[in-house]
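Before I ask anything, let me first share the structure, which is written out below as C-alpha cells.
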Amino acid sequence: KNRARLLINCPDQPGIVAAISQFLAEHNANILESNQYSTNPKGGEFFIRLEFEMPQLKEKIATLEEDFKEIKEKFNMKATFKYVDQIKKVAVFVSKEPHCLLELLWEWQSGDLMADISLVVSNHETSREYVESLGIPYYYIPANKDIRNEVEEQQIKLLKEHDIDVIVLARYMQILTPNFVEVFKNKIINIHHSFLPAFIGAKPYERAYNRGVKLIGATSHYVTNDLDEGPIIEQDISRVDHRDNAEVMKKIGQSVERSVLARAVKWHLEDRIIVYGNKTIVF
Amino acid sequence: KNRARLLINCPDQPGIVAAISQFLAEHNANILESNQYSTNPKGGEFFIRLEFEMPQLKEKIATLEEDFKEIKEKFNMKATFKYVDQIKKVAVFVSKEPHCLLELLWEWQSGDLMADISLVVSNHETSREYVESLGIPYYYIPANKDIRNEVEEQQIKLLKEHDIDVIVLARYMQILTPNFVEVFKNKIINIHHSFLPAFIGAKPYERAYNRGVKLIGATSHYVTNDLDEGPIIEQDISRVDHRDNAEVMKKIGQSVERSVLARAVKWHLEDRIIVYGNKTIVF
Amino acid sequence: KNRARLLINCPDQPGIVAAISQFLAEHNANILESNQYSTNPKGGEFFIRLEFEMPQLKEKIATLEEDFKEIKEKFNMKATFKYVDQIKKVAVFVSKEPHCLLELLWEWQSGDLMADISLVVSNHETSREYVESLGIPYYYIPANKDIRNEVEEQQIKLLKEHDIDVIVLARYMQILTPNFVEVFKNKIINIHHSFLPAFIGAKPYERAYNRGVKLIGATSHYVTNDLDEGPIIEQDISRVDHRDNAEVMKKIGQSVERSVLARAVKWHLEDRIIVYGNKTIVF
Amino acid sequence: KNRARLLINCPDQPGIVAAISQFLAEHNANILESNQYSTNPKGGEFFIRLEFEMPQLKEKIATLEEDFKEIKEKFNMKATFKYVDQIKKVAVFVSKEPHCLLELLWEWQSGDLMADISLVVSNHETSREYVESLGIPYYYIPANKDIRNEVEEQQIKLLKEHDIDVIVLARYMQILTPNFVEVFKNKIINIHHSFLPAFIGAKPYERAYNRGVKLIGATSHYVTNDLDEGPIIEQDISRVDHRDNAEVMKKIGQSVERSVLARAVKWHLEDRIIVYGNKTIVF
C-alpha cells in the first residue's frame, strides 16, 4: 500500500499546519485523516497525526524523510513517519491466565489486528498447545525474581532475533527491570487489572472487594520503571454489586481487561498514540 | 476575542488542507484546533473544522471572507466562518415538563453555554416564574393543531424580532409545520425521549415499557419535516429493569434527556457540527 | 450438590412468601438467595425466585414436588423446581460468523457456563475444525428457505436424540418456523445485532449507519413466532461516531453481541429468568 | 400510608425467612418487595429488606415492634422498622459550588425525593437567595479549621432543633470531627469528586489530569472518621480524553457528582441501604 502516517509534536507556533500540509501537497500526497491538538495555543505543545496516500510511496521514502528534515528542524519537531505496509512484529508475554492472550489472538485471526504475532513468551506452559496450533512459536521461559536478569537476557535476545516492534504484557505477572524497559521504551503495553491509580500493585480485585467499590476497572498503559505509573492508553469499567465476591469481580473484570487491552494494542498498531511526558494523546 | 472557526465540506481531492492552512498562515492566523474527516479518500466528501486566532480579527473579517472565495470556488466548497465573539441568540421552546429547560438554564448560569438565552416560548405557563426570575422574557403562546399556522406566525415574528440563531425544543410537545422548519433549517434542535429510531412518535416510555426493553435512551437531533427522522447529533442510554414501570422509566429517562440535549446544544454553539445529508459530523 | 431453585409466578395476594418459606423450612431447606417482585401489590402478578440447599436433596425430590402441590394449587401458581446438579444440555446454532459461538465456547472452557455444550449445528462448515478440536460434535446441515421443513425435521430429531434443554442461536441466519419454535418454547435464545426494537430484520448495521446513529447495540431475546419480537433478556450498546462506517460498526457491534449473548445464556442456565407475557423478569 | 420497611441483618441459618414471613402474615401484612443476600450460606451474614403493607399500620406499630422482639432475639438480629409516612428530615451542607445542592432541590421539587429538606447549612452565602426562594431556611455558618469545634457545636444544635435524620454533604469542603461523625453515625452522606479509592483527598480533578486518566468518576459514601474511606454507596464515571484539561474535567465531573449523589440519597431515603462493616448492601 501507498499509505503512511506522520506523527509530530513540537512547541506550538503559527504556520506549522501550513508547512506540513504544503510539504505533503508538493510531494503529491493526499491527506486522508488529520488530527491536531495543542496543550495551549500560547507556548504550549502542538501534536498532529496525519494519514496520507502517496503514489509509489515505497521508492520515495528516503527522499520524503530527507526533504522533511528542513521543516523538522525549523519547528524543532519530534517527527516520525510510519508506513502501513511495514507490518509491526508483536511479542505477547503471558503467565497462567490466558483471557487477554486469547482476545488478541482472536482479533488477529479475524483480521482486526494489523500485526505479525511473531511469538508468545510465557513463564508457564498453559497456553502452548493453543498458540502452537495457530503456527505461532511459544517460548517457555520459567521466571522468578531470583533469576530475573538471566531471564530477561534470554528474552531480549529472543525479541531482537525476531526484530520485535511491540511487546504486549497480556497478564504477564513478572516485574520487568529498568534495563528491559529501557531497551523497549514506549513499546511495552501492559494491562493492569484495576482502574488506576486505584489499587496499584498486587491483588486488585481482592482489594476492590474489601473496599466495597461499586465499579471495577482495567487500565492499559505503557510500561515505565514506576510500577503501574506509566502513560495510560485506555481505561474502562464494569458495574458490580454487593453480591459479587472477589472471585466474581475477577471474572467480570477479565472481560473488561480483554477489551481495554485489545483497544490499546489496536491504537498502538495504527500509530494513533503519541506519548508526551507521562500522558498519551490518542488520535 | 480574536477567535474564529471555519467549517468546510467539499468533494475530496489532494491539496485541500494545504490550500486552507497556507491561506490561514498568510493571513497571520494561528490554528488552535483542527479536525478532518473524509467519507472516502477517493471520490468521497471531505470535512474539516478549524479553530484559529488572528490578531485584530474584527477589522479583517470582510477581507478574510473575500480572500477565501478563490479557494472556496476552486474546491467547490461549502464553507462558513464563525466568530466566537458573535454570541449566538437562543430561543428555548418548552411545554409542561421543565427538566430540559432547567438543565439548559443551569448550564447557562454557570457559564457553560456560550449563548444569549433571548427568550422562552411555551404553550403553558408552568415555567414562567422561574424563567422571569432570571431576567429572560417568557412568551406564553397557547397552541394546538387547529391553530398551528397562526401560532407559528406569531412565533416566527418573535424569533425574527429577537434575531434568533438557534431554537431548542426542550420537550416542546407540538409538531412544527414544514414552513416553520424551512425558515430555520438546521437551526432547530430537538430532544426525543427515546433511542431513535426505536419508538418514533408519541409515548415512547409507555411503549418501551410494554416492549420490555432493558435500556432506555434519548436522542437529540436537528428537526426536519420527517417526524423524528432528522440528523442525529447525540444519543445516550440508561439501564432499566423489570421493576421499573413506565412512570419510573420516564423519570430515569428525563435524566438522560437532560444531558443529551445539553451536550447537543453545546456542540452546536461551539460550531462543532456539520450536517451532511441526514447525518451529522461532530468534531 | 444439594442445591435447587424454585421459580414461581402467581396472582399476588398476602401470605405467599410465608407459605413458601414455611414449606421450605419444614423440609429442612436453607434459603441461600431469594428475589421477589410484584407488578402491582393489588391484583398484580407476583414473581419469586428462591435458591436453597437441602440435605440429601436427590432422594427427596419426588416428595418435595409432591408436597408442594397443595401450595401451588392454593395460590394458583406456575411453579418450577430446578436442580443445580442436573446440568442443562445446550445446542448452539451458528452460520458463518463465529464470534458469538467462540465467546460461548470460551466461557464454557473456563468453567463459567454451567452446561453441557452437546452439539453445534451449522449451515456452514466454517467452525467445524475448532468445535471438533474441543470434542464437541458438529453437524453441518445446509439450509435455505426452500428446504426449511426438511432441515428443521432433521434438526429436531438431532435435538431430541441429544435431549437438548436450550438452543442458542449464536448468529444463526435462518428463520425458524412456528413449528420449531413451538417445540422449544422459551428455550431458544437469539442474539439480534441491533438495539431492538430499532432495526428489526436484516442488515441492521447498514441501516444504523445510514440513519447516522451515535450508538449501536445488541439484544438477546427468547425466540417467538414474531420476528425479533420475543421477550428481551438483555441489551447493551457501544458508542460510534461519524468516522465509523457500516463495516466498522459491525466490528464494534460484534463485541457487544458477544457479551450480551453470553450474559443472557448464563442467566438462563442459572434459572434466573421468568418469562411473563412478552417480558422477562431477570432475578 | 400503611406501608413499612423492615431491614435486618443477622448470622445466617435455616429458617430466618420462614420466621419473618410467617410473622408478617400473622400480622396481616402483605409483602410488596423483598430482597435477600447472604455473604456465605454457611456461617455468613444474612441480609434482608422487606417492604410491606398492613391495614391500620399506625395503630399497630407498637404491637408490631414488641411482637417482633422474640424473633429478633432468637436469630440475634439487627432489625429496624421504617415507616413510609414518617418522612425523613434532611439537612444539606454546601460550600461554594452549588451543583449538587441544585440537583437535590430539583429532584425534591419534582417530587422524586421523599423527604423534608429542612435546612441548608453553608460556610458561604452563595446559595442563600435560591434556597430561601423555595422556602427553605439557610444558615450561614462561616467555618475553618481553627474554629471547627465551635462551628460544629452550632451545627449540631441546629440539627437537633430541626430533628434531622440525614445530613447530605453536597460538596461541603470542610472536614468533620470524629465527635460530629459519632453523633450522626451512618447518617451523613458525602459526595467525593473522584472514583475512590483513586485520588483520596484534595484536588482530585487536578491530580486526575496530571495522571492522564481516561475516565473520571465520583463516589457517594457514608462519612466515617477515616477521610474518604467510609462505606461506598454508589459510584459512576464519565469518559475524558487528552483534550480535556483539569477545568473541563471538573465540569464533566460535576455532572457525574450530581447524579451519583442524587441516587445515593434517594436509596437512603427509601431505606434500601444496609451498612455492614465498611460496605453497603444496596437492595
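As written, the chains take the letters A, B, C and D, and residue 1 is the first residue of each chain.
Note that in this section contacts are C-beta pairs under 8 Å (C-beta built on N, C-alpha and C of every residue); 3 or more make two chains touch, one makes a residue touch a chain.
Since this is a predicted model, take the numbers as computed values, not measurements.
With centres computed as the average of Cα coordinates, no chain lies farther from chain C than B. In a homomeric contact, the two copies may use the same or different surfaces; for chain B and chain C, over half of the interface residue numbers are shared, pointing to the same surface. A straight line joining the Cα centres of chain B and chain C is 42 Å long.
A separation of 38 Å divides the Cα centre of chain A from that of chain C.
In chain C, the residues that reach two or more other chains under the touch definition are 37.
Touching chain B in their complex are the following residues of chain A: 12-22, 24-25, 28-38, 41, 53. Of all the residues in chain A, the ones that touch chain C in their complex are 99, 102, 106, 110, 112, 133, 251, 255, 259. Listed in rising order, the residues of chain D touching chain A in the complex are 37, 195-199, 211-215, 217, 231-237, 241-243, 278-282.
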